[in-house]
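Same chain, two partners: subunit A is paired with subunit B first, then with subunit C.
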Partner chain A sequence: MVLKIFFPQCCNRADSGLLVGRWISGHDSAVVLAVIHYPFIPGQVKQYVQQMQAQSGVELSVLGSWSLPKEGQEGMESFLRDLSTIFPQERWLQIRRQMGKTGFTCEVLSRDQNAVAAQRRVKKQKKEEEEDGDAEEKEEDEEKVIFVHYEQRKVMLSQLHPIDSGDAKTDPPSELRQVFQTVALSQPLFFLDKYDDGPLKSTHWQSEGREASIIVELLKQASVPLCLLLSWMLSVWTWICSIRIFNFYPLRFLSSKLSTCVQLSYRTEHMKTLSSPKPAAGHTQFMRKANMLVSVLVDVALGVLLMSWLYRDDHITMLANTLVPAADHVAKELDQLLQWLMGAPAGLKMNRALDQVLGRFFLYHIHLWISYIHLMSPFIEGILWYGGLSACLGLSFALSLLSDMVALFTFHIYCFYVYGARLYCLKIYGLSSLWRLFRGKKWNVLRQRVDSCSYDLDQLFIGTLLFTVLLFLLPTTALYYLVFTLLRLVVVLFQGVLHLSVDFINSFPLFAVGLRVCRSYRLAEGVKFRVLCDEPGVALHLLMEINPLKVSTVVQTYRTPTYSCYPRDSWLALVKKLFVGELIYPWRHKTTKAD
Partner chain B sequence: MMEDETFTDISGKTISLDCQSHSSFCREFTVSSPKVSIGKVMVYTCSVWLLAYAVFFITQNTAVLSSAILITLVGMMFHIHFVKVDHESLLIIGSLGIQVSSSYASGREITTFIEMSKIKDIVINEAIYMHQIIYYLCVLLKDPSEPNAVSSVVPLFQSSKPRLNCLVKVYKSCQEILSKSQ
Partner chain C sequence: MGPDSAPGPAVPWRKVLWERQPFPDNYVDQRFLEELRRNEGIRQYRYWAVVKEAGFVGQQLSCVAIFITLWLYMEQGLLSPVTLLWTSLVCSLLGYGLHQLLSSKVESCSEPRTHLADLQSAAIFLSFTFGFSPVLKTLTESVSTDTVYAMSAVMLLAHLVSFPYAQPSPPGILSLNAALFASVCLASRLPGALHTFAMLSCALLVFALWPCLLQRLRENTPSQFTGVCVGVCIAGVGGLGSQSPGGAVLLALALGSVTLLCPLLLVRLQRHKDNIHGPWDEAEIHEDLSHFLH
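Right after this comes the complex of A and B.
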């Protein structure tokens, strides 16, 4: 079997000493974490290793010895071999390197080496007795070694995907996963740097001095009172909300329909997650919190930008002044449309009476609506001014407010659509039922199927009459239905675009994408190997680099789950509903997905 | 040990196979596809520009010419960065795993590493490709929990598509290493 030794690049030029690391069970490999230099007292080394094991939870042990002889340090070899008796191990690694040469040599001594040597001698004697004595016998007894060099800091900070979320899975984690886990968990081992006055000196990635960032430390200190303040504010807000919840039913219904209220509740959930004072439990939690924080900050920044544009140069007055004429224009267009329908639209001949009734009904509706808009016109500027203030909470709030306002201003179109649809739906059902009667069949409600039925003569007569009436009135109703459905769909499309952008702002993992761009080693899809040197007679050296995750996978893995505002029906079902005349509600919000 | 014989891919274009043996249990195979021929590039560019000039002659709109230039440039960049594969390599390290990488003409490299515990075997498989049956080398992966079932298949050398003689060479080499480590 081939023995794999994961060797950190920072220890390539370390002084001679002892190797501290972990044997990975089941895979015949070892991870070297640090080198403890001479001079040392073996008792202290054992104590230190046990202390580190307790602190980190990793099964650390002394793996072997490392020798890089400098001038005046001969005679180390025998000293190193004697060490194997002090630290009892299954296998003892003796890694040697010469200055100026790139390759390492490794010798593996096992505990029962004497027994193995005896076996070898016995085998050799047997072979000599036999006819062919292969020279390859010797090579097979020797163990082959691969040195895999890794960059310790990057492997420590990196997270392998797909993330192993289960605590106790049926299969043990793979070799690479175990290597990454070992290095990540051994953080206490890397706290000992060369400025410590302790009895031991070691080399690892942080031995030149511990790395820290003042900004991060300051933020950590500042975050605790901030979290407390935030959680207090949130509790006050939730208390206010809970009073109103016990109000009348219409209010609750409204608040579930208005996208602003939905967005507000959604953001409150986010802030609750952010304001918990406990630090994040694992990598997923940390990424989620970070993504939420960055998304909130970006949202607020964009909202403030929008506000600064809106409240400058009287933009609000300009908007308000264009709004009422725009509504007037829409109403006039609708008027013209209805007049056109009441005439002979596209050359079709409508049923005059029904046409006039429907047309007059809708025209009166529009007239009511226009008077309402004119009533509201002095207040529009005020509404816009105060509504624009909501942008300070975030761009997503401004967009949801816009979507709600569009819904309110086009309420008459929604009403028309509902009337047209209901009428059309009734007509379609009536027609289908009377068509069955025309053919002598009936819908059996009990059996949910069509059965034949014998009708009386007068039933047949009235049924046929009604059928004819409905059939000839069908084009008129169908045309009105078609026109108002198209209008409604235009409005729904516009609202849909707004909802999609709000959803995008909510769910896009900006922090994860930023991490992938700037510190790509932290999100690892796997590793890649490069052969470093392949001189004959020297063990194989490989360089292990981190293969970063693809950007699309990053977005998919770290998307914050949001309420889905995509149409719940597929396109085919939608078209079928439109054909039959059922009302479509594309924005039926699902409740926020639980974690 | 470096070898370089003339092999061809399934459409008859010459490819080259490079085998490097870094150690007794570590080997690397590189299959290089033929490079982009300058003649083809010139033919495409000239045809696009002639067409653009003809359209310009009719419509007298200079935007046509500048857009033709832009399209040619963008198309070429897209082709060498995303489409044209320069060489594909397979690095097999006994008891560690298999690394498959393909590098594009612009230098971009896509690498995947498959651990030994997930590999069941490397085989030569047959496939129906349009009107012909071709051979391809693939890695069979297994689920660690179910050692007898093949969970997925990873085809190798997909862009260069070498013929059977080349594949057999690679296969024999890989099997030597795989049989020792499993």
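Right after this comes the complex of A and C.
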């Protein structure tokens, strides 16, 4: 049986005294949390331990005795040994260290085996005389002890991943998890420092004096009224939003399509989470709040930066002056494209009549659009000026606004795409149905298969005529469809890039990544052990070092869930939809789930 | 061990495998293959009967030739569309009358089509074709002539191959559609929309309505049927000859081989037929299973 004792590094040179800690149930190990020095009154120690147990909720107890003999303390050893009778324990540890030597020695006394300790010592001498020891006997009598040294402050602040969700699990937490939890929960034990005037003196990581920072304390005091103010403002805003007039169908539909409104509602949710005056319960909540706060701050900072660039040196006027000519240019290009299609594009033979019809229809559409743009041109500067103000809410808002404006300015391309796609889809559908008629078959809707069918003469006649007509008109329609689909895909791609960057700003856990970079011990994946001292005759000493989480795992674990937009279809499904002529909306928005 | 070896043990061999016998599994005795029957139930063809049936195939070939001749005339402007339309109308009326005459002889137990339904069908055909003819005219403008000719040839060939020679009255769907497709392709090459309309009406007559009449003729007056076939063949050769003698010669050769040569080959090769039947054939059900269906 191997006994593991987790020993804090800060107590390596502590004066002799009692060890306070916890026995880990189910595993053969003990965690030492602090050393209470001689001189003490055992009754006061007991009272103190019980008080700490009540405050922290950890099953604290006196584990044993620690002796580091200095000059003038010869009688310490026997005194400490007799203490085992005062504190009733299952097992009593006696850890001894000599000044100048690295190794500790440890003896474990069982409650009913106090007398056996003497016997064991005798047996040990006997074994040294014999050449071959009985292996069984050896293992039975001698308990091997391993000392695992840990840095108390780091283990206290660290969080082991994957995080326990808190609900009752079937298997109890592992030994390591229990160690970490014990140290983290024993905070009240570490408030007693050496400047206290109480009856007891103890050694732990904070015994030199408690650390605190004035800024953190001030922020903590100021955060409560700030939260109250924020929550009041949010309630006013929510009340405005829920006015009945905004719930009419067209407005609601529009607001669900415009990404600015979506982003606004999303940020409102975030602010609601942030502005709750209760402190965060649990590590996950804390990290989420911190991530949200940092992302909002960074967003606003970038937005203000953008604003400062925009409103300086008349950039807005410049932008407005290039916008209308740009729209004009796009329209002219489309015009030329249609003229080219109406001729013989790339040497393809188009049906002249249909070509002319479609071409003229689209040209008229463009003409309408251009007139609309020219009508709007005096207001563009004003719109841009007020739109730029939205950047003060954050860079993500500016990007969403840009995406919406792009959608509005390319609305005619979207219309063309819909016309072309619908025409093409109709044609493909008709062709496939008439091809079945050509062969004398029919689609059986009930059985979802193709069956033979006896058609009437007039059905056959008209069907064949229509089939011929549709077949010969296919290249023309297909070309128009192809051209406008490509244009639409370009626009969709650009919008997708904007949405992806907004999503990135929203969901990237900056605080967690910063924590991983600066204070990597706080996010722990596991531990690694280094051998400190492996001499025969002395117990094994290991140093426990925290293994930080990989950056990719950090990002994955702490990503804020967003209305992430990701491609709705796989590549194959997309190609199939394009081929058949179904309308494609490639980016899908996920609605935020309330946690 | 084979049938020629020395006589085996006293126990006679039985043709069963579920009993252990002192013979090897592949042993056969002298009654091997006594259940083999050769050429059971084959028909003996008589030459002139086959020629009469093959005449129908030749007739259909000539129909296609007549159609192509009419198209050639229209394309060269020798035939005006109005003339063709009137001729088609007269012919269709005559044919309809003949059809009604012949059907009054037969007691039609299936539901008779009323004259009104026929008139309705005719009206639908004509209006639709007339409405679509401007569209159909410009359909193959951008396609090259060779492609059009090739497509039509392939489609007419498909029509001939898939024609239901045994029972032409409910028209074979693929054959009719192929013929109509070919006629649309050809008709779109003509100079005017009226030409297209006339050509399509003619195509409908020749490919859709003429086989129905032929079916009636074949059922009721077999002797006249033969005469009609011969007449159509001669008309086809003659018509094609007026446009291109080479075509006429080819057609005559084709008709001769189909009508006269192929039956001869069939009858001559029949004596080389060597089918074997035996108990190893697939079972054929000869019962009437219809009483299981109700």
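The criterion applied here is as follows: the second predicted complex is superposed on the first by the 562 of 595 C-alpha atoms of A that agree within 3 Å, B and C clash if a C-alpha of one lies under 4 Å from a C-alpha of the other, contacts with A are read in each partner's own complex, and residues count from 1 in each chain.
In this section, a residue touches a chain if its C-beta (ideal position, glycine included) is under 8 Å from a C-beta of that chain, and two chains touch if they have at least 3 such contacts.
Because the structure is a prediction, the values reported are computed rather than measured.
Engineer: Just from the overlay, do subunit B and subunit C fit on subunit A, or is there a clash?
Structural biologist: fit
Engineer: May I ask you to decide whether A:174 touches subunit B, subunit C, both, or neither, giving the answer as first, second, both or neither?
Structural biologist: first
Engineer: For the overlay on chain A, what angle lies at subunit A between subunit B and subunit C, C-alpha centres, nearest 10°?
Structural biologist: 90
Engineer: Figure out whether A:352 sits in contact with subunit B (first) or subunit C (second), or with both, or with neither.
Structural biologist: In the superposition, A:352 contacts subunit C only.
Engineer: Output check: A:529 vs subunit B and subunit C. Expected answer is one of first, second, both, neither. What do you get?
Structural biologist: Touch partner of A:529: subunit B, not subunit C.
Engineer: With both complexes superposed on chain A, which partner does A:90 reach: first (subunit B), second (subunit C), both or neither?
Structural biologist: neither
Engineer: A:458 contacts which: subunit B (first), subunit C (second), both, neither?
Structural biologist: A:458 contacts subunit C only, not subunit B.
Engineer: Between subunit B (first) and subunit C (second), which, if any, makes contact with A:313: first, second, both or neither?
Structural biologist: neither
Engineer: Quick check: superposed on A, how many Å separate the nearest Cα atoms of subunit B and subunit C?
Structural biologist: 47
Engineer: Which positions of subunit B touch subunit A when the two form their complex?
Structural biologist: Subunit B reaches subunit A through residues 22-26, 28, 91, 93-96, 99, 101, 111-113, 115, 117-118, 144-145, 181.
Engineer: Going by the contact rule set out above, which residues of subunit A touch subunit B in the complex?
Structural biologist: 1-2, 4, 27-28, 144, 146, 148, 170-171, 174-176, 526-529, 531, 534, 540, 542, 547
Engineer: Taking the complex as given, what residues does subunit A use to touch subunit C?
Structural biologist: 349-353, 437-440, 454-455, 457-458, 460-465, 467-469, 472-473
Engineer: Name, in rising order, each residue of subunit C that touches subunit A in their complex.
Structural biologist: Contacts found on subunit C: 121, 124-125, 128-129, 132, 135-136, 138-143, 170-171, 173-174, 176-177, 180-181, 184-185, 204, 208.
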